[in-house]
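Everything on this sheet refers to the single structure shown next.
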Amino acid sequence: MSKHWHNLITTVMMTLFLACALTMPGPSRADNREFDLTIDEMKIKVAPDLEFQVFAFNGQVPAPLIHVKEGDDVTVHVTNNTTLPHTIHWHGQYQRNNWRMDGVPGVTQKAIEPGETFTYKFKAEKTGSTWYHCHVNVSEHVGLRGMWGPLIVDPAKPTELEKKVTKDVIMMLSSWDSQYAEKLGSGGSPLDRANYFSINGKAFPLTQPIKVSKGDVVRLRLFGAGAEIHSIHTHGHDMLVTHKDGLPLPAPYYVDTLLVGPGERYDAIMTMDNPGLWMVHDHVDPQVTNNGKHGGGVMTAIVYDEVKPLFPDDPHVAPVQYDADFYYSDSMKKPYGLHNNARFKGMPLQTEGRRERRRSGHESH
Amino acid sequence: MSKHWHNLITTVMMTLFLACALTMPGPSRADNREFDLTIDEMKIKVAPDLEFQVFAFNGQVPAPLIHVKEGDDVTVHVTNNTTLPHTIHWHGQYQRNNWRMDGVPGVTQKAIEPGETFTYKFKAEKTGSTWYHCHVNVSEHVGLRGMWGPLIVDPAKPTELEKKVTKDVIMMLSSWDSQYAEKLGSGGSPLDRANYFSINGKAFPLTQPIKVSKGDVVRLRLFGAGAEIHSIHTHGHDMLVTHKDGLPLPAPYYVDTLLVGPGERYDAIMTMDNPGLWMVHDHVDPQVTNNGKHGGGVMTAIVYDEVKPLFPDDPHVAPVQYDADFYYSDSMKKPYGLHNNARFKGMPLQTEGRRERRRSGHESH
Amino acid sequence: MSKHWHNLITTVMMTLFLACALTMPGPSRADNREFDLTIDEMKIKVAPDLEFQVFAFNGQVPAPLIHVKEGDDVTVHVTNNTTLPHTIHWHGQYQRNNWRMDGVPGVTQKAIEPGETFTYKFKAEKTGSTWYHCHVNVSEHVGLRGMWGPLIVDPAKPTELEKKVTKDVIMMLSSWDSQYAEKLGSGGSPLDRANYFSINGKAFPLTQPIKVSKGDVVRLRLFGAGAEIHSIHTHGHDMLVTHKDGLPLPAPYYVDTLLVGPGERYDAIMTMDNPGLWMVHDHVDPQVTNNGKHGGGVMTAIVYDEVKPLFPDDPHVAPVQYDADFYYSDSMKKPYGLHNNARFKGMPLQTEGRRERRRSGHESH
């Protein structure tokens, strides 16, 4: 192959793509958004046989949706009610002229110690699927303790395709190692192995069906929130991958199976043109088990309203209690703001043993 | 960077790319294709020191090639001769107006119990590298027991580059955990670790050379059939990645090392313009071992006809018995149909112990 | 979606992209580059609590930078001073009409035995981020013993964006399993698990800050040199992914988190327009630990000259001894050639036990 021609064409495409560097028209108008977040020690139910102790933003895992628009000025007051230090990193946000708000303990700020409140202020400049998570002891706090939530920033100028979306489906993928379920303050070694895998903190059958109607245009927002790689397969529908880490791809492409690594986000649009019951699951085979038993983990189903199930009691179709907001679909339709979800809320932990951890002075880096 | 310009350009490209949504000219003519598949308990030789018990479609691992053209009507009668329930999911196929043929036990059908026959009927709508695999207890049946095969659907309108292909090379990548070699009905936990890695069910030196002539245009069809991620490196040749999960990419790109995750498929075209002997192998280093001993696993070589080997007895060049159809290259040149490969066939298992499994009533989900 | 239109558009794009196949204008002029490399048994310090025995090119890990331009004729004399056989594979280079220089023992050459010298001669045809590594017993030598270095080939016709780069930052990512630290000649099984993770052979806090000035255009060259997948997140800056495995992508795309698999290389350009202190780290959470203790592994920070640190003693900002060439940034500005880095050099191993290994005749495949 001729590098000469190859480079020429690439240069033309990149010049076009980068023409953007010249002017930056501001978004229509910026609003001030002010929110409160607590961090609490809670216990959540990940799977029928697994309760897990977490550090939970506003008591829930995943954390509340923060939904704003491009250019908004965001203020978040974070109060640490736990026994260990934490911060928040706004993953994806540029923090331009604002690096001390980036949330890295020992580098951009002191960690927020137990009992303290810290206020983050930043402009929501980066659009799309960004997220927020703790940056203290991430191998445990992010990898095992559920300290993450979606921060969705609507672009001032969405693409034509984005305008067609009728339903947002946010999936934060992560994993759990049951040996640390009750050992807050430990875990996260590369020698450990996760044995539970979840969407929005729940392993099948505790996940929820994705209920759609024919004609819906679903935007799947996939987040690699934990430490494992997931390979998400949608039955009956291709996904058009339009955005990576919040930003539009110059050449969107179709897939039926999408690899999502830790920290990554993919927006993938599916047109609901094929009524039926369709699995959506991790194709990393052991990640559809609960503690090694098949029929768990990262698994759910697209369920069309129009369709009468063959097996009406099947847990893909019939959850114990339906939560229409499990994928933040309802919250994404509400006015901009911070949206709690009571169904993600855990049970407060007993105080036993908490005092000892506070004394032991965990590393906060 | 200006999001405004970025989005504008992206919108233009996506509009072009999506113009396709308007009209759908049907393929020239649809044929009926009717096939029989059995599922049998067999033992295959994965590596010189590893025999593994499998559930084998038509007695072989990988399963037979099913090769049809876009729009064909496919009928497959599946008879389960094993002691456990199974189904077939046609991974990638849309099953439009046909969700009950999607092969998910408990959702789209009852599992096919031992001794039963089930008939799948569907239109081959999705083109390219699709595949079929069991959807019962996938962490074992797909992850460890070889229940997968290629379903290649030729597009009615292939791209110009596709028309130049002279040789198809299908590689289904998977892994094996020897502790379950003789324990049909178990395995697949995330706590296990594979210790053998294979192309089309064989670990080096049981793989076969990829024999080519100068001027050949090879289409590598890579399938992530098992539970591990593979990173395929081709020596001496770049691969032009043209298709993902069967569908053409809007912006094909060159690589010399390609990550393939579970469930994913990549078509990658290599022009054979560089006579020599060239390794093709997994760059996940431990995956070129057999049970930890280097010189095994996912490894083979491109061997040009024109070249006299330096080491004529080397197993990359000189397999014990050459199988020209090891990568389905010959089968892909035959008329459309289902193509068995006798060399992939295993040895039937003794019936000892089978009755007990039948009684134990394994979960079929 | 209409495959017809989809294919038509794809064909147009591919035709454009492949027009390059017609003519190949040679680069301006080829120079002869002749280098010497030894392979020595050394001990390097990977982390504060980990010294690791390696096979080191010119005594260092990573190996010296080899920096040439497209079309140069390269000669490398390799002398094996260790107790085990080795070769060099020039990963990415085509070795056109030159397959016996590809470095595969038993296929393209006999391995270089202890005490022997072998001379590689090849034309640097493939441009960009290529690399060199041993091809003997790679699951140990590449996966655990640091036998890799960068081979950067400047293209005759760089893209406009490439011309703007002011600073190259080369990161070779790999991992270590401390149980084999002192067991040269063993390790590399898929049943093992790495417990240290490094950039250029160093785990945090032994990594170095990436010092930049506002206005710099940094090209990150990420190499998957070891056996693990890494997910590199840059705070405060998006990366424009421009090249894969050395070659320009037709549709560069932005990310803030980039998955890098074994053997892969990505070039990613960042504009330094956001003064601050910004983490750069692996988002595979357990890979920012040293032996399971958080605050290690694949982690460093971008440090702007203009910025006064909040915590001047923090090891992200203040390494024990600053090495401006840790990411080969200085070497990349020197004239073409092979560039050693004294700071990557290890301590020579004692000879004890070496004679025994020499006698035991390790497999060299």
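Going in written order, the chains are labelled A, B and C, and every chain counts its residues from 1.
We take it that a residue touches a chain if its C-beta (ideal position, glycine included) is under 8 Å from a C-beta of that chain, and two chains touch if they have at least 3 such contacts.
If you're wondering where the values come from, they're calculated on a predicted model, not measured in any experiment.
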**OP:** Working from the CA atoms, figure out how many degrees chain B turns to land on chain C, in steps of 5.
**Re:** 120
**OP:** Give a one-word verdict, same or different, on whether chain A and chain C use largely identical residue numbers at their interface, taking over half shared as same.
**Re:** different
**OP:** Measure off the straight-line distance from the CA centroid of chain A to the CA centroid of chain C, and report it in whole Å.
**Re:** 31
Subject >> Touching two or more other chains - residue numbers and ranges from chain A >> reply: 1, 17-18, 229, 238, 247, 249-251, 254, 259
Original post:
If you look only at chain B, which of its residues touch chain C in the complex?
Top reply: 1, 16-25, 70, 127, 155-161, 193-195, 197, 229, 231, 233, 235-238, 242, 247-257, 259, 274-279, 283-289, 291-295, 301, 307, 309-311, 314, 316-317
Original post:
Which residues of chain B touch chain A in their complex?
Top reply: 1-11, 13-15, 17-18, 89, 91-92, 94-100, 102, 104, 106-109, 126, 135, 137-140, 142-143, 188-192, 224, 226-227, 229, 238, 244-247, 249-251, 254, 259, 261-265, 363, 365
